Structures are given as structure tokens and as C-alpha cells.
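Have a look at the structure below before the remarks.
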Amino acid sequence: MKPLYLLLIIFSTTASAQTKALVLQTDFGLKDGAVSAMKGVAFGVSNELKIFDLTHEIPAYNIWEAAYRLEQTAPYWPSGTVFVSVVDPGVGSERKSIVLQTNSGHFFVTPDNGTLTLIAQHLGIKAIREIDEKRNRLPGSNASYTFHGRDVYAYTGARLAAGVIPFDSVGPVLPNTVVSIPYQKAEFKQGIIYGNIPILDIQYGNVWTNIDPTILAKLNLKYGDQLNIRILHNKKQVFEGVMPYVTTFAAVKEGLPLAYQNSLMNLSFAINYGNFAEQHKVASGPEWTVEVKSIR
Amino acid sequence: MKPLYLLLIIFSTTASAQTKALVLQTDFGLKDGAVSAMKGVAFGVSNELKIFDLTHEIPAYNIWEAAYRLEQTAPYWPSGTVFVSVVDPGVGSERKSIVLQTNSGHFFVTPDNGTLTLIAQHLGIKAIREIDEKRNRLPGSNASYTFHGRDVYAYTGARLAAGVIPFDSVGPVLPNTVVSIPYQKAEFKQGIIYGNIPILDIQYGNVWTNIDPTILAKLNLKYGDQLNIRILHNKKQVFEGVMPYVTTFAAVKEGLPLAYQNSLMNLSFAINYGNFAEQHKVASGPEWTVEVKSIR
Amino acid sequence: MKPLYLLLIIFSTTASAQTKALVLQTDFGLKDGAVSAMKGVAFGVSNELKIFDLTHEIPAYNIWEAAYRLEQTAPYWPSGTVFVSVVDPGVGSERKSIVLQTNSGHFFVTPDNGTLTLIAQHLGIKAIREIDEKRNRLPGSNASYTFHGRDVYAYTGARLAAGVIPFDSVGPVLPNTVVSIPYQKAEFKQGIIYGNIPILDIQYGNVWTNIDPTILAKLNLKYGDQLNIRILHNKKQVFEGVMPYVTTFAAVKEGLPLAYQNSLMNLSFAINYGNFAEQHKVASGPEWTVEVKSIR
């Protein structure tokens, strides 16, 4: 029965590798071959890997948006999923290359440049290791020059996801802290909720905030209540207006504004069949803040 | 030999799950994390699923184009493939969430808002079930709010494609009819063919009609024959001109118009190395019609 | 032990099919269903195929860019990978449909219209076969009309990648030569390096040349040396300027130009946190040349 035993081992090893997904995010776009080269390297590590894209349309060098997309998406992927995020304006400078393991069991392979600001806060840091590039770099990639996204991050992420190396072999342990970008956290003070606009729902021009149900509850809202909304850029007012708090776009007429909870359950602003961001010249990022009051 | 027997069972179960593909279509675009969250949910259902994209660049709220893309693509996928299409301007309103099984054995998971207009006509309705959201919603997604594309459609499509649930378990049977968008069907009357412009071949600006070979045959054309083409928007003429009916773009000089059969064998209009739609301000949708005459 | 023996055969056959990837490149864009129809056909050939995208954003009819993307990417995919590239302005004209096997063991399924210019030169031609469309066309696709990308190229590429047919069955052997686009190869003459701008790194506006480390070495540069760069379009000067040769963008201040080696180790020009191509109206293609001198 020895051959059968051997076969069972092979089979179960394969199955376990197949459990794990590799999810890629970059600001490279899809017009050239950079992302495909990353996938080729990952596939070369293991043809059992399941390789997916988060997005490759992060605006060039926009670390904040990279941070946000990871936070928006990661919780919907199974524990054990390995994310590779490469938005790296400082390539070649002092930023560290790291792998973060969250308390939820997800892994993030990325330059430590602010990309993990929101993931670290919301999923929690279990451990961080610095990538030892001597051990974890595509064989044959030139020592004097390295395309980190392909030769280090995709390669290391693939080996981790495929079970070729355990987390321990990434490199030395670092303290449980990441480089973070400052922003207005959601908070309630004297009848007003303060928050940040982390991102726009760009396809529709909806304005998303970081105000979650726990904070929103401080206003004791009922659906249909009117809200006074102020939006500020670097503390200068860009918009002020009143709109109802509703459950669906269909609750207001075409062309009218509304406040609602988005797919992450956070307070958001939209115009039914319209584009709120474009119409009111609102954008997103750490320097955008909102103030929300109930008027009853 | 018991272990071997067990192994064979495991192996064949795996193989059967691997047969089925999940194909996603939305108007979400690829710039944010919404599509990736859908894939994460699907992958969480079964890591044996083969997950593909139809397109995520359907113009926002354009149900007609969603309907067309499904018709254009589905026949080239094997029977048993599960499509999830989420173009859903009425989210939160009265439209039903359904799964359509066609006579060809394909499945379509979508809001019943016109998206299935063309699929129902061309592939035929075998059965329709309404999604019972009590049983078929991502566990832990909030009952009071649901991102349907992710929590209901992707989740249900994935479970169906992976064989986690049979079609019966989707929910109650509905009558064999779907919400349909009216448009000019292809027909021949007194020497003229009438038809619709369902879509543009946007990458090249070619104008596609719904005039198939059976209808086109009424004109008894030979290659090289001249056609008189009228194009109308809401019954108002936008273009009239003469062009030859040919088999390849190379049959006319650069810059000249031609009529040809596209990859779906439908009559289409183009300019060799040019952009017909842009040059003549022609677009597509249910309100666009064409009239085709042979001039001999 | 007969059943076990059988199982081992099945298992290893499956594993071998799973080794092979199918990588697709077109100028179709991702807004319609053409790419998805290609994938459906490929998946119908074998549900064990691993199907990837190189890019579908090649500018319409731009054979040169298709050639470049293949060269940029293919070396990072394992030997045995099958590439299908469909940029085919001459569809229906005399160009041949071929499969090229390189010395590196990669396969390229494409019209022979210049698409293989760079791959043939850099990976080397092992063998070329013309696709016999009588044997290698999607069953049921109309004989009088064929969407080659889907019915011939995707179908043949999928059958090759899945091991359904061996390379021999593609069709008759052709001589070891492909249609090639002329361009300025990198060369050193009397103190000046001449080269071509094959492509822009469009996402960032960086200008890439075909000047590789062997040619660049003729200038005996040290990092920090100043270079005089001329850029010409059809031999007419578009840009002349001086910039340092450095290892990282961070080596110069924001807004300043630099020369560096890109991810392919070729000499390239950029502006730190800027867009060199846009600012100086530089584009790419066979008609663009550069001249590089060291000034010490």
C-alpha cells in the first residue's frame, strides 16, 4: 500500500495549496505588461495558485487610496488570503518591504509607506516581518536592480500563498507598528459627528465617509430625518446642504440629494441618478472632513 | 482497499465542482474594490470555482447594454455556466431578484429589470426562481441593509456554480416570463429590412445591428452589392448613405464605409481604418433603428 | 492494484494539463463581450486551463505595441505557456495565422503581421507552423465567416495549452522567419549610443528605450554622471536636454529629469513625480529614436 499512501500525501498537499488565494493591487494600470509579468512570476512559483486582482487603477502614487481599497475588500476574502499591494512612490528610498499578518489571518505584502494605515487599525496586527530580499527575490533578477513589485512582492506573496515558505521564512520580526497617514477619525462631539471622506464611489460620484453605525447611532436618527451636511477641504468649506437620511436611492426623486449607508455600512451622500462629487466638486483623501448634524 | 475508494469519491467530487464557471458582469468599473469583494465572497463559498469577468464597464445604470452583453457572450460558454449580472438602478425598489435557467442550460443571477430581455428571447426560458434572501444571503451581512451584488447575487451564483445548492434551493418558482425592454425586432417588409442598433463595437466605432442571416437573406445579396442605409434615432434620420456589402474590411479603401457581417453574423456598418459611429454621430440602444435596401 | 494504477494515470494527466497557462492579448478593450467569448471558448476546450490576461488595451491596430508587450512579459512566464495575441488590422487579407514556438519553449498564436518582430529576435525561433483552419476552428463556427480571435486563435491556443493537440497538429511547418517591423536597434558609434523608444511607461509618462546594459556599458558610466539626451521623431528633433544617470527616482528633486534603468534593465527617462512624455510631447513606436552621450 505504499504507493497509495504516497498519493494521499501528494493529493492533500495539493488541496491545501489550492485553498489559498493571491490578490494583487497596484497603480500600474492594465495597459502594459507589468501586472502580467507579476502574474507570470507568481504562476511560476505554483500553478495551483488562484490569482485575483483587487484593482490596478489606484491613481499613480496614491498610497491613501491603496490603503482604503485594502480595508474595503480584505474582510470579504477568506482568512489565509495573501494580498500584494504595490503603490510605491518611494521605491529605492528607505521604506521597508514587509509582510503584515492580521488578527483575522490575512497577509499583506507591501512597502511600509502608509498602505497599511487602515488595515492595521481595523483588522489588527498579529505580526510583522521584514522581507529578507537575499532569500526572497526571484532567482536571476539582478541584484543591483530590482522591480520590487514583480521580483520581491509578487514572488514572496506567491510563495507564501502556495505554502512554499511559511510566514517565518519571510525575514526578521519587526515591532507591531506600521507607517500611518493621519486623518479625521469618526467621532461625536456636542451634537455633531466629525468624520473623513476616505474615498469616492467614483463610478457613480457618491461620497463615502468613515462614519460607521456605532458613531451614527449617537444622532438617534429615524429614516426620513433631515441632516445638515458640511464638507470641508483642509478645513475650508466646500459644501453645505440639507438632505434626508434614507434606506434607498429610490426614496428621493431623480436629481435630489440623499444620505444613506453604503455597502460597508458607512454614512454616504449621493444624488439619485446623479453625480454628487462632480456637481459639488467634492473629492476624497486624508485632508477631507465632514460634519453631520440632525435638524429636527 | 477502503482508503482508495474514499479517495476516488473525493477526487470525482472535486472534478465535478471544477467543471462549473462563474462569470461576473456589473456597471461597477474596476477602479474600486466592489468587484473584488464579490470575488472574495464567491471564493469563500468554494475555492474550486473558476471565476471570470464578462465586463464591469457597462455604462452606469444601462440595463439595455447589460442585456446585450449577456446575449453576445453566453452562447460561447459551456452549458452549466452561471452568470451574475448586476446593473441595478432600482436597488431597494420593487424589482425581484431571480435566477433564470435557459433551455441551453445556462444560469443567470440578476435583478429582473430588463437585463434578461434578449437572453430570454434567444436562449429560451426553461425555469425561473425568485431568490429567497432568507436562505440565500451571505451569513453575517446585515439584514437591514444588503449590498445585493455581493451579499445575494455573487453569493447565490457561487453556491449554484459550485454545487453547494441545487437550482431548487434558490427559492420559489416564478412564471416563465421576464421584464422586457421594447425594441425594433429585425423584419422584412416591402423590400426594406427594419432593425435595431443594439450596440456599438465601441473599440472601433463599428455599428452593429440585430439583422441576422435569415432576415438578411430576404434581399438576395451577392458580395459587392450596394446597400442604401438609413439610421434613425427616435424615428428621426441621423444618417443616410450607400456602401457595398463585403466580407472583409480590406475590400474597401481606407476611409470608405462598408456593410459586413460581424462576429455574431449580424449586419454591421464600419469605415475601414475609421470610426463610423463617431464620424456620423450614431449611438445604440432600444430607440435606434436602421432601414436597409438593396440598390441594383 | 489495477484501480490505483488507473488513478495515478488520471491524476498525472490532470496535473500536466494544469501546468500550462493560456495568456491572452488583444486590442479589443474590456467594455464589450469579445474577450469573454474568447475565454468561454477556451474554457469549453478544458476547464483545467489557467486563463490569464496580458492586456486588452493595446491601441486599436497597433501591431508594434502588441509586439512590445509580448517581449516585455513572456520571459516571466514559465516555459510551455501559450500566448494568444490578436491585433489584426488585416483580418481577411493575406496574412497567415501561425503558431511560433520559441527556443525558450513559449508558444505564440497570432496573425503573422509583425506581432512577433521582437519575440522572434529575443527569444529565438525554434519552429513555426501555419494554423490549418480546417482542423483547428471552433466546431459550429461558420465556414464562410470566422471571428478569428475567438474561433481560431483562442480555440487553437486553448487546445495547445490543455494538451488536447500537440504542436504538430497545428498545421504545416513554415520556414523559420516572421514578418518584421523595421526599427533602430541599439548601437554604439563614435561616442554616441543610438536607440529606439519602443514604448512609454504610460501610467507614469516615463520614456523607455531599447538600450540594454551591454550597449550602455560602452559609455563607462558611473551613477551620478550627466547624460546629454536627444529624442527624434522621423529623424526630427523633439527634445534635447541634460540629466543625471541614477539608480532611483528619489535621487533627484521633485520635477527634475533623470535617466535610469527600467524593470527590463533598459535605459529610460523620467521626471521625478512628473510626466516626461506629456511635458516634452514624446511618444513611442518604430519611428522614434534617441541619441545618448556622456558629458564629463
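As written, the chain order gives the labels A, B and C, with residue 1 at the start of each chain.
To be clear about the criterion, a residue touches a chain if its C-beta (ideal position, glycine included) is under 8 Å from a C-beta of that chain, and two chains touch if they have at least 3 such contacts.
Predicted, not measured: the structure shown is a model, and the values here were computed from it.
**Student:** Taking touching chains as linked, do they make an open path (line), a single closed cycle (ring), a hub with spokes (star), an all-linked set (complete), or other?
**Tutor:** Contact map by chain: complete.
**Student:** Only C-alpha atoms count here: how many degrees separate chain A from chain C in terms of the superposing rotation, rounded to the nearest 5?
**Tutor:** Between chain A and chain C, the superposition angle is 120 degrees.
**Student:** Averaging only over C-alpha atoms, locate the centres of chain B and chain C and give their separation in whole Å.
**Tutor:** 31
**Student:** Please list all residues of chain A that touch 2 or more other chains.
**Tutor:** Answer for chain A, listing residues that touch two or more other chains: 4, 7, 11, 30.
**Student:** Report the residues of chain C in contact with chain A in the complex, numbered from low to high.
**Tutor:** On the chain C side, the touching residues are 1, 4, 7-8, 11, 18-19, 21, 23, 30, 50, 52-57, 69, 72-74, 76-78, 81, 199, 201-204, 247-251, 261, 263, 265, 273.
**Student:** Mind listing the chain A positions that touch chain C in their complex?
**Tutor:** 3-4, 7, 11, 27-34, 36-41, 43-44, 47-48, 51, 60-61, 89-93, 142, 145, 147, 150
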